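Just below sit the structures, each encoded as structure tokens.
Two complexes are shown next, each including chain A; its partner changes from chain B in the first to chain C in the second.
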Partner chain A sequence: MFKVKITDAKLLRDMFQAIAILVDEATFNLTPELIQLRAMDPSRVAMVDFQWPKTIFDEYQCDQPQKMCINISELLKLLRRTAKEETIELSLNPENPRLQIGITGKYTRTFHMPTLEPQEEETPTPKITFKTTAKTTTDGFRQAIEDAQLVSDHVRIEADAEKLTLQATGDLMGATIELKKGSDALLDLQTQEPAKATFSLSYLVEIIKAASATSEIATLQFANDMPIRIDFHQPKEGKLTFYLAPRIEVE
Partner chain B sequence: MKKRFIKTQKFASKTKENLWILDLIDNKNLTKDLYDNRDMWAFGQRAGLCVACKGSRMLCGKTRCSLMVRLNSFVRTIPAIKGLEIAGASPPSVFVGRIGYPYVYAGPLVPPVYEDTSLYDLPELWFGKPIDEIIGFRSMLIRGKHRVHVQRYEDAGKIMDMTRELALASSSTDVELALKKRPKGFIVLNDDIQPFGPSAPIRDLRVNAARWDQHIEKAFYDTDLKASPAVLELYDKGVMVTKIQKAFSVGAFGIEKQRRLVPTRWSITAVDSIVSKDMMKQIKTFPLINEYRLYESSYLENQFEVLMIPDSWSYEAIEAWYPGTVWNPDGRKIVMYGDWEDFDGRTTYAGIGGCYYAARLAVCELLMKEQRQATVIVLREARPGYIMPVGVWQVRENVRNAMCQQPMKFNNLEEALSRLSEKFLIPRNQWVNKSELITNARIQRKLTQYA
Partner chain C sequence: MEFSLIADCYEKIESTTKRLEMTQYLVELFKITPAEMVDKVVYLTQGKLYPDFVDVQTGIAEKLAIQVVGKATGRSERDIRGELAKTGDIGETVQGFMTRKAQSTLFDGASLTVKTVYDQLDKAARAAGSGSMERKLSLLAGLLTSASPKEAKYIIRIVTGNLRLGIADMTVLDALAIAYGGGKEARAPLERAYNISSDLGRVAKIVTEQGLGGVQRFRVILGNPIRPMLAERLGSPEEILEKLNGKCMAEFKYDGERVQAHKKNGGVTLFSRRLENITTQYPDAIELFKEHIRVKNAIVEAEFVAVDENTGELKPFQELMHRRRKYGVKEAMKKHPVSIFIFDLLYADKRDYTLEPYPVRHEKLKHIITQGDRVTTAEFLAVDNVADLERFFEKAVEIGCEGLICKSIAQDSLYQAGARGWMWIKYKREYKSEMSDTVDLVVIGAYHGRGKRAGTYGALLLAAYNRDDGVFETVTKCGTGFTDEDLERIPKMMKKHRVPQKHPRVHSMLDADVWFKPEVVLEVLGSEITLSPIHTCAMNSIREGSGLAIRFPRFTGNYRLDKSAEDSTSNEEITKMYRNQLKKMSES
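Let's look at the complex of A and B:
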């Protein structure tokens, strides 16, 4: 038996939205303590690591660990029908392989949708020694990324002791965006050694747009030509982390 | 120039086959003529503009494509039609124009011969035939036209009813076509549609009762079935893509009130797109191929190389036009043009036009058959001998032919690329730089590499 209740419909919707950026069919691990998901996008370039402890929910009941696989974009269609102040109840009955979605506001409606065959293999976390940790406001980082998107489809992120630099070079235009230590956008910067890596903007933009609805502060970790890890801080020990593999220029 | 033209015509009139085209290709002097007369071309024509336009979008600002006008002047050697009555067996074939949409010209295509003409409108069976044979029988098809509103075709009377019936016929059907004027114009050549002969407005039309294709008939009478499920059902039952396209263009599918005529060239791309989109949905759930693959095919001076990369589904089509080919007659440089989509697909019309979708259909067919997933890049080199567009079927059948061959298999991308560059005249780096997906495969790392 699995049953949770949350009074903030928007929070749940935004979170599923962020996961849906990368995966269509998502396998969640449900344990008595938390809901967890780790999944890569179909081309294995990006990964989402998501975790919500039971304290985020208003009610949480899970008898034993189990897996639940659902089509996230279908679920989002239903969740888009919710208003801000409404309460959502998700429940899974062992006898019936369907997810029940109860939405209570001015009136009550109950949807149900099929669950799918869960993915058995666990997605491993990339093992990386990060050289730089930067703490930014999610909005500040989002603006910087959107600036870069104006001129190119990829961006090089660089860090030295003083600042975080985003360098975008397109076919014709280019952009340099600097976040200096002590500025409003950059809250903290720790660099063991200068590092730089290039990433695809199409992924970055989507990830940040979706995640910024759930989080105020983002921590970036990266190293020379290594994947970047972006931690979007969540309330109450929740976790929403993305990994994105770099582009490595040849010749 | 004029002299030469008269000579060509004489030459052609002596022989029954359209030898002039072969002559045109072989005879350097004639071809030189074709490309040297600059006064007929658009001024300030920019290299690449014509490749993007392909005579249909009028990007140069002229009302008629000057390249097409030029070509047409060489193709005037169609059998002269005497009188206003044309009787013969239609393959069956119909044509719906797009000029003036939603008021379009629609009508049958009828050759003045009584025999089994079904081959005339079955591009699936044309692969391997020389261009002059195809132009030869296509140029016999006289197009009758009748102005009609795409949604109010039922008010257009019996001419339109018969045209629609004809489009659904399963084999060649006797048609008597009475025209208002003598058929005028030349053979119509186009990058999307198969060529056909001169046209004239219809005075009267009589179509012999014909047996319909049973599957198409069922879809036609199912007025609650939406158009795209109807197309998919027919495709699954094995109805040929071009037959579906024909029925699609006369509004044979869809919910009753929403049915409408669809200009032929739109219907071709619509069917290619509907069918391949559905297959892509399933392909995305299949396991990846195990190796890098390269498929090849060459026909009508079009060299195709299809590169498959063991990665999640995405698709790209790039074409390169040599100086001297249809859409790049004036340029000194090769013009390359391409478009692509990622795993999530696309919502806008592909920049290179109908051939993007035709090739996508052909590669999806193979992946469906093998139940595998891959990143697919279709590369096309149109060489100087390709002086005449024959329609998008050439791309579909050429790529289908490539898919029938045993692929060459490679362990890594670089090996596949070097093999590819052996086959192409255009250097490898030009392809690599142009291709969004090859570039991506070379420089984008995977997270799995860091586990």
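Let's look at the complex of A and C:
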């Protein structure tokens, strides 16, 4: 038996949205303590690592660990029909492989959708020795990324002891965005040695846009030409982490 | 089974132009393919995912393909377009970019299996509805990311419909015969199985799993289209009769769309001549088949012809093109109705009729259909002499048919699926006399209208003037070109000219519903002038027993009130027009 209830419909919707930008069919691990998912996009360029402790929910019941695979974009279609203050109840009946979605507000509606064959293999976590850790406001980082997007489709992220620099070079235009240590946007910066790596903006923009709905602070970790790890701090011990593989500089 | 095995095989096939070598490479590939994958390998090798009659759009447009390559390699669409302009081949382009990718991945993927490739392509092909483009993009890009450069080349060629290995269906059958049928001699039964199922993958699976015995037990399956039997062509009735041992069944060759209809438990599926599923285009035909085919299960072949709903006249093939659409089917159905002329029966009541001679099939066909206004058997006539054949041919041409199909009625006249042979012989016109000028014709009779034209005339019987004899000779039946005002005006105008029976100065072999004194002259434009056994104009002047007729006539809107009946176009002028404009038709 799996059954959860949450009174903040928007929060639930935003969390699923952050997963949906990378995966279409998502296999969740449901345990008595938390809901967890780790998945890569089909191109294996980005990964989402997501944990939702039972404390986030108003009611949480899960008798034994199990897997649940659902089509996230279909689920989101239903959740988009909810208003902010509505209560959502998700339940999974073992006899009946369907996810039931009950939405209660001014009136009550109950949807159900099929569950799919869960993906058996677990996605591993990339093992990376990071050289730099930067703590930013999610919004500050988002603004910087959106500036870069004006001129290019990729951005180089660079750190030295004093600042975080985003360098975007397009065919005609370019941009340099600096986040200085101690500024409103950059809350903390620890650099063992200067590091830089380039990332696709199409991924970054989607990730930040979706994550900023539930997160105020983001921690970036990276090293020279290695994947970047971004932790978006979540309410109540939730965890939303993305990994993004770097671009390879050509020519 | 790893996809690299397939990619390696394709590379070898591409390196040769010799059919024998290609066949040998395919044999090797089929031998290492597990039985449960062989159908998929066959579809992929043809650059497809399913047999043609499965109604799923497999291919993606170049624009989306470029986005896929961009996402998989991290290159900009501009770079890819630039490279594509140089190589001219999306396969080469992706192979190049895959060897120098601009985007790394978090983990290396496992090597691709044929099953993964097929399943992902299948998922992408079936993605529909909102967000389906993004889903296709992400699935295909994901597939490419896991592929080696060489594999990526062939995958992108398959999804863009550019896998041109030059392997004919028959080469696949040869390879299957050698790999699993015990040798090349097995090709004939394999070919028959293919011709009656149109599904190479299915044939491959059967021969791999059950051997040649399974193939020989294979029968027509309701729902799988049968590859159509085709006709040879001869230019003269003498040759045709000689080829068919002096007698045959001649059938009108309608100028329409050839359709194979499968009625299964009462439901109907339609396939085009190219075996595409065209069921959704003809909801009207579906209902007609349900009603007019009296058995629960059957496969019939028919010609769909556009008709004028007011007059019942046949219209040329181009009119049917209005029915080739996905949207607005209902409107098109109302504006462009079709008549159905059934000409063969391939399956009925659990019996495979392709193995029966034509007379048996035709007899059974007549038995299982209820003839009606819009559904009939194709007009047929048993003939054993040139004169009858010629007359029947002219009749066919005049009403708008292309000519005749003359069919063998011998014991061995089985339905030869997928084959062009001498069991059926086309007799089409070699000459055509196109009309470029209008003619002025006299109204001498009329037919009652139906449908929207109930209460007025559906068509007028028109005549040319024969000066020598002082008579009016019929040349065409015209029901096209009339506006609503014309339809209202003409009966009033003609009322005073009505006569109780055919006017003595009118020479007609046709029976009109209403007869008129020759008085009123209308201007008409036709598409061409043909020989006709039923119109009396210039009778015997070109050929003994035949007159001349105007095909596809249309009223121009001009009432030639200035002309008397005797001033109308004469039979001599029409003869001259026929002769002057006679042109050899191009082969088609």
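Basically, the second predicted complex is superposed on the first by the 249 of 251 C-alpha atoms of A that agree within 3 Å, B and C clash if a C-alpha of one lies under 4 Å from a C-alpha of the other, contacts with A are read in each partner's own complex, and residues count from 1 in each chain.
Here is the rule we use: contacts are C-beta pairs under 8 Å (C-beta built on N, C-alpha and C of every residue); 3 or more make two chains touch, one makes a residue touch a chain.
Bear in mind the structure is a predicted one, so any value in this text is a computation, not a measurement.
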When the two structures are superposed on chain A, do chain B and chain C clash or fit side by side? clash
Could you tell me if A:162 is touching chain B, chain C, both of them or neither one (first, second, both, neither)? neither
Just checking: does A:127 make contact with chain B only, chain C only, both, or neither of them? Give me first, second, both or neither. first
Going by the contact rule set out at the top, does A:200 touch chain B (first), chain C (second), both, or neither? both
Figure out whether A:245 sits in contact with chain B (first) or chain C (second), or with both, or with neither. both
Touch test for A:73: chain B only (first), chain C only (second), both, or neither? second
With the two complexes overlaid, spot the stretch of chain B among 165-173, 183-191 or 327-335 whose C-alpha atoms clash with chain C. 165-173
Take the contacts of chain A with chain B and those with chain C, and give the residues found in both. 40-47, 124, 126, 200, 227, 243, 245-250
Parts of chain A lying in touch with chain B, wherever the complex brings them together: 40-47, 124-128, 200, 202, 226-227, 243-250
Where on chain B does chain A make contact in their complex? 284, 311-314, 342-343, 442-451
Enumerate the contact residues on chain A facing chain C in the complex. 24, 40-47, 73, 124, 126, 153, 171, 200, 227, 243, 245-250
Chain A-facing residues of chain C, complex: 71-72, 74, 76, 78, 100-107, 109, 131, 135, 138-139, 141-143, 145-146
